[in-house]
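Have a look at the structure below before the remarks.
Order of writing sets the chain letters: A, B, C and D. Residues in each chain are counted from 1.
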């Protein structure tokens, strides 16, 4: 059963912070990727297996609004949800929080491609997601 | 003299590519950061020195449109230009190309903060930028 | 009270694995660094605070023996222990395991330096470590 | 023709330096990997192609001696040379320099494995290396 949303917790690691002691702004896209992979897994799919089957997802667009800095060792929660899905693309939105405080929000559009990088239809078994 | 734009070349390194052999989508924000730092330097400023002086820039917003994959060892050019500057914020736009081909375009908003993370005015010596 | 050893758990993240799906060999030094920082913290010290006080540790030597690959999402335990401490240097040894299986073992020598990078004595409050 | 040594230049990038402004000690293993890949390429081989052919190299041992810090933007030269090659393993040694100054030296042992991670013989076309 394909879910539309999933929440994970992520602890900020020392090598991820910058000279100010803040989580580096480039790391947020990695966190979002972790959110997508875990949403997929919560739905019973394995990203590494998909890649071995020749199904890849490439990021076509990404956008982040940074609201409040996150620091080393803080425990954050990341909510990932699917906001739109077409035959070949999936839009996700993300909310990264420390407790109730919004650390960042963002969105991405990913496209399904084959090993040659050509757009292909998202395999039947990955859609249509349903609300949890 | 503060410039409004600057172009650098960046070679894609092996540890930066993903399982498909493409430059990982999270790396683009690091490349953009390199573009900002080099624009600053071409204007006669040193980012590390600014940080030692208690002047920091934090990213408030970032956005990337990925147009064409970049691969290991490719030589890319990144054009960074300032599109807007207020007393406390600077907007940059970016074009990453392989020859004539657009690999990605993006934009960021950065804010000037002190060591405590409080918004402060951009030091006089960093503005107003002029066209090159 | 300064401890001579400490154990943490680390979960392998997706961006840390290579094209084979294995934890990239360069990441192990980051894990060891996490182990050192947590050993310090378990002893009541804060690495970021030390840096603000002008006390830095630089790595002089590092060595890793890779025994068994670690994969995405695996839960590993890292035991960090101090094997030798002089007035200016600390030697650590590391064992990274998945359950009972040894994933890697390694060692480092770190030296205490000031902000200018000159070797200095390890502050009194950081030594002498005692067994837990 | 397989070469026993090769030298490349590497410029230290901003995201690679730590809070002291020094190249992070974990990055050196990435630089060494770049050195191996370029030595392979100078010999007419393509690492990505080898992986597609099911030939992988995993690192069994690594060791680094850090001699002098490297800073942002410095141009370094890395000399990579093969010190020993058996049917299934290759030992490399590395010297990283800034001009004449030795920044670090190190060594690695890599083993040839198939897609399942089982040790296999290094393909005939990759050995025996000859001095350049």
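Definition applied: contacts are C-beta pairs under 8 Å (C-beta built on N, C-alpha and C of every residue); 3 or more make two chains touch, one makes a residue touch a chain.
Remember, predicted model here, so these are calculated numbers, not experimental data.
Enquirer: Of all chains present, which has the mean Cα position farthest from that of subunit D?
Expert: Most remote chain from subunit D, centroid-wise, comes out as A.
Enquirer: So using the touch definition from the top, which pair is joined by more C-beta contacts, A-D or B-D?
Expert: Comparing A-D with B-D, the pair joined by more C-beta contacts is B-D.
Enquirer: Just the number, please: Cα centre separation of subunit A and subunit D in whole Å.
Expert: Between these chains, centre-to-centre, one finds 32 Å.
Enquirer: What is the distance, in whole Å, between the centres of subunit B and subunit D, each centre taken as the mean of its C-alpha atoms?
Expert: Taking the mean C-alpha position of each chain, the two centres sit 29 Å apart.
Enquirer: Using the touch definition from the top, which residues of subunit A touch two or more other chains?
Expert: Expected reply: 15, 19, 26, 30, 33.
Enquirer: Which bits of subunit A are touching subunit D when the two form their complex?
Expert: 15, 19, 24, 26
Enquirer: Would you tell me which residues of subunit C are touching subunit A in their complex?
Expert: Those residues of subunit C that touch subunit A are 13-15, 21, 30, 33-34, 37, 47-48, 72.
Enquirer: Contact residues on subunit A for subunit B in the complex?
Expert: These residues of subunit A touch subunit B: 19-20, 22, 25-27, 29-30, 33, 51, 56, 58-66, 69, 115, 117.
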